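Per-chain numbering from 1; labels A, B and C assigned in written order.
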Amino acid sequence: MSDTVGNRMYALAGRMFPICRSITGDGFRKSLKILCEEVPDIKIYEVPSGTPVFDWTVPKEWNIRGGGIYRLNGDKVIDFKDSNLHVLGYSLPVNEVVSKKELLEHLYTQPNQPDLIPYVTSFYKERWGFCMSENQKNSLSDENYKVIIDSDFREGSLTYGELIIPGESKEEILITSYLCHPSMANNELSGPVVLVELMKYVQQLKKRRYSYRFVINPETIGSITYLSRNLEILQKNVVAGFVLSCVGDNRTYSYIESKYGNTLADRVLQNVLKFHFPDYKRYSFLKRGSDERQYNSAGVDLPVCGFCRSKYEEYSEYHTSADNMDLISPEGLQGAYDVMEKVINTLENNYYYKMKCMGEPQLGKRGLYPTVSQKGKYCDVKATTHFIAYADGKNDLIDISNRIGVATYTLYPIIDQLIKYNLIEVVYER
Amino acid sequence: MSDTVGNRMYALAGRMFPICRSITGDGFRKSLKILCEEVPDIKIYEVPSGTPVFDWTVPKEWNIRGGGIYRLNGDKVIDFKDSNLHVLGYSLPVNEVVSKKELLEHLYTQPNQPDLIPYVTSFYKERWGFCMSENQKNSLSDENYKVIIDSDFREGSLTYGELIIPGESKEEILITSYLCHPSMANNELSGPVVLVELMKYVQQLKKRRYSYRFVINPETIGSITYLSRNLEILQKNVVAGFVLSCVGDNRTYSYIESKYGNTLADRVLQNVLKFHFPDYKRYSFLKRGSDERQYNSAGVDLPVCGFCRSKYEEYSEYHTSADNMDLISPEGLQGAYDVMEKVINTLENNYYYKMKCMGEPQLGKRGLYPTVSQKGKYCDVKATTHFIAYADGKNDLIDISNRIGVATYTLYPIIDQLIKYNLIEVVYER
Amino acid sequence: MSDTVGNRMYALAGRMFPICRSITGDGFRKSLKILCEEVPDIKIYEVPSGTPVFDWTVPKEWNIRGGGIYRLNGDKVIDFKDSNLHVLGYSLPVNEVVSKKELLEHLYTQPNQPDLIPYVTSFYKERWGFCMSENQKNSLSDENYKVIIDSDFREGSLTYGELIIPGESKEEILITSYLCHPSMANNELSGPVVLVELMKYVQQLKKRRYSYRFVINPETIGSITYLSRNLEILQKNVVAGFVLSCVGDNRTYSYIESKYGNTLADRVLQNVLKFHFPDYKRYSFLKRGSDERQYNSAGVDLPVCGFCRSKYEEYSEYHTSADNMDLISPEGLQGAYDVMEKVINTLENNYYYKMKCMGEPQLGKRGLYPTVSQKGKYCDVKATTHFIAYADGKNDLIDISNRIGVATYTLYPIIDQLIKYNLIEVVYER
């Protein structure tokens, strides 16, 4: 495979796929360290179990080494080695012989997808359990089974990573994803690998108008922890934020609105998707499900929206063993990366623009307008004249792009020309 | 009939149906006294004929004892005893023999409904007249007829009733109807009988956030009179008002917008109807016709909208002898009552709500969230998490209900739980 | 032809049609003087070549006396005398024998309309050229041709006309058109001839609320010149402006939005067209093309929209020899004039209105309301009662007309009655 961004992201996801991650524990830590190999500047934080974080408490750290269900003759029914989805997330340890009847009370299946192992967790209530396909469950015929889960809970810590890349302004763009699911590809690894490439992209920019804050944490409890430790600065500085989730398949693009759907984050993501992938899907905030829940929660109220390819909960492989490396692809990851790169560039250029001359400038004398005037011959300068008309200091770049129906990427060379001829000035505030 | 609210209202309407009411006179007074038997606290006001009320003058009091058209041999053609619609409202007295030709100039029929007697009035221009069916008119074949109307005008008064039920706040909810039509059921008695049951409902509430002002007056001249005597306090205190009219049939529900369609009255009535009777009909203010005309008039500008089942002017029996006790029903009245009871309860609970914790609260530890996380299993807590997200102090209950698509009645137990766990506070202002 | 406004305008256009106009020169001057015969108060301004006007410079004055293409035996191929469209606008002089190959580089045709001579110009780049039909071009078979253009450039001036008619207020209505195209009828002469009749109409008004500023200039460079000399006063005084262009055919009516589509000019033109020509065409500002470009340019930002019958660029005869006197008609011109007359009258009456009484006034006692009340009989007073309801000081006449769905022309007699009965007052500000 050639060294395209898409191939690099896909390979990185493949390397991390086998690791059993959860909201705490060594799987998360090991995965995060692999990301740090790519971007060594990522800073790692550990928050001790028991720390109060808003209305929650950082849970005990959970680690698991193995487990399974076996017939009394030792034959394997299911084993953690075959799929780490087989053990209920945060399961208590167990090592005993149980009747089939008792076992059934500890089994989780997805009856409407009888071939697949579902991903199930019980983070905040102590129980033990196994996940398997409905078909496997239906074939259980012994009276008793040996059940083993070699897990433990300890006073450890919750881990997260953060990378802040300063820009000219203290105003920040927040981009975040999570890293807490076991072996699943789209709803886990796609987000972090795209995040890592975006970090690299922002790091190499020669000029950054905004500062960038990248965060990678366990979903829900991780973002709550992160918010509880950084709320003041986030509320002061973040002007737009994006939660990346399920960004690896190549079926569609999805946008989940912020709470009121009207932030800079919404505006820029809508604009980029409208011009580059006009058949993208737009979801109301009522369809939220990832960390945009916390970022938009009452009192927190950050300008954050969600970005996916096929949205979590909406694709059939979601939270099952079918969400594997075949579901995602280099092209799928690349597409999501490209959208976010465009989002970043649009934000960086999203100034208010103001013409320095009254009336339309004489473009013809600068070679920007046809010198012969004949009907049907102007079309190629319409984007320029439309931009000029709305560059009156009342519209930012996104406003103008939306009003005149021209992608920001088409406007960049026009702006460059206008600046070159000293016809336009950049203003920061309306 | 069992003692349901619907049956009580229907029986009360039936008791009042035979009385000949008009905008002044003993019929109105007698009807109002029957309502006072139900709610003795209603206060009765008499405003003398000749009193200037805004641009109008309280008219002379009109009373009628009988009348009819007779053949010269004494045979009855029509008689007031058979239907008090037969005499033109506010008709001058008459007692003479007239030619058929002259009689025809004093007859009012509804040619497109040839079997029905129309309801016609001439409140402000003196004339005498009779109403009959088009068919009856066409069967007139004598050369001369005896016409008798035993009515009189005198310096009397205009009568109205008012009940003010104080609440914690001086802010008021106004609910009003009228009582000035003769024997018609939907467009007359449905409004007053629902009003009376709403008075009882509000009286028995243990806690009232708002004060309630119930008014029952003759339509148009009555509300003008009432406004002219109470304008200052109404403009100061009324936050939402409702004119009840034609609330007794069971074909549909109708809402008539206030002048700009954006008051609290509009918002609450839209919300209740949307969730409980989503196929209700919404009418522009341009379709107004009852006392919302006066309450929304220029300079008065109170936040008042109209509520009907089948809207006046829109159902075929309107203002004819077919608007009788068969048109309305206990169920029809009950349905209208239920809507208004929900309106009252929604207003009483229409606070701004504000979460006391940052981030989503941990609902699971309070038994409000499933402890096992598996896809497709959250649906029953969506109303809770959506409510929590928008309980940020920027939305009142109606806003939240509309945004998240959940009826306020579904939200009440959720709010109770959140208050019980001290997760939320009530704020009065945005 | 009788002396209707339409006939007068058509005759005047016919008189001016043969003159060869351009953005400067004697053709423009001669045409403007013909307009001054109609309205002697028009003031003529001359701005010297070389004057800087915003980002532009007033060009040299161009005049042409004749020209053509001839076979070497003297036979005419095309001649300026047959159509002044044959010479490229602002063409350099030429007098030589050229090869067919060289000639072809100087020929302009409209290949998709092979019978027509296109109108082509090169105002700001020096070149010589001829325009002819595609068919004519294809029939050229000689090896060499004689080409003659008897034109010259000199340090002269750019000419424009202005008429200011003062009113009670310094606030101004701007109405403008241009006069710089050679022999074309709709896209040239229709605008000036309608403008002249509007000048006469405004001059004879007994009472003028607003002042009126009529401007007639060469398109683009002329409006830039005019703006550069009058910007401050225009920005201070103009409350609504209209660019008239292509107002002579009778196929449709067209409205081109101002930059944000929300000015008084937009509101009044939309209102008039909606009620009188509801199938009019509305064009976004992105479809602009005449002097509304300059009036709405960034920094200038005047409240100006465009008005056409068939819009420039949208009808097939546009900028060709087919845009001749057969394309326009007295009826077409009259229709456009009528719209603008209604626009003027609506603006003159566009006050805020406020009822002087509380509640609905008693219209019946003033003969404005039926004295008998019977269903289905009110329709003719709805406009009155609706107007009264919204005459609360919050709406201007256009707001009320739009809200209640009644043309302003229907409201004038109602307003007159309400003023007569002292029921209403006029207020200037909301």
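A few comments on the model shown:
By our rule, a contact is a pair of C-beta atoms (placed from the backbone, for glycine too) under 8 Å apart; a residue touches a chain by one contact, two chains touch by 3 or more.
Just so it is clear, the model here is predicted, and its values are computed rather than measured.
Upon removal of chain B from consideration, the remaining chains are still joined by touching into a single piece. Both copies, chain A and chain B, contribute mostly unmatched positions to the interface they share, with under half of the numbers common to the two.
In whole angstrom, the spacing between the mean C-alpha positions of chain A and chain B is 54. Listed for chain C are no residues, as none touches two or more other chains. On chain A, the positions that touch chain C within their shared complex are 354-355, 357-362, 364-365, 371-375, 382, 385-386, 388-393, 404-405, 423. Residues of chain B touching chain C in their complex: 53-56, 89, 108, 110, 118-125, 127, 220, 223-224, 227-228, 231, 259, 285-286, 293-294, 296-301, 313, 318-319.
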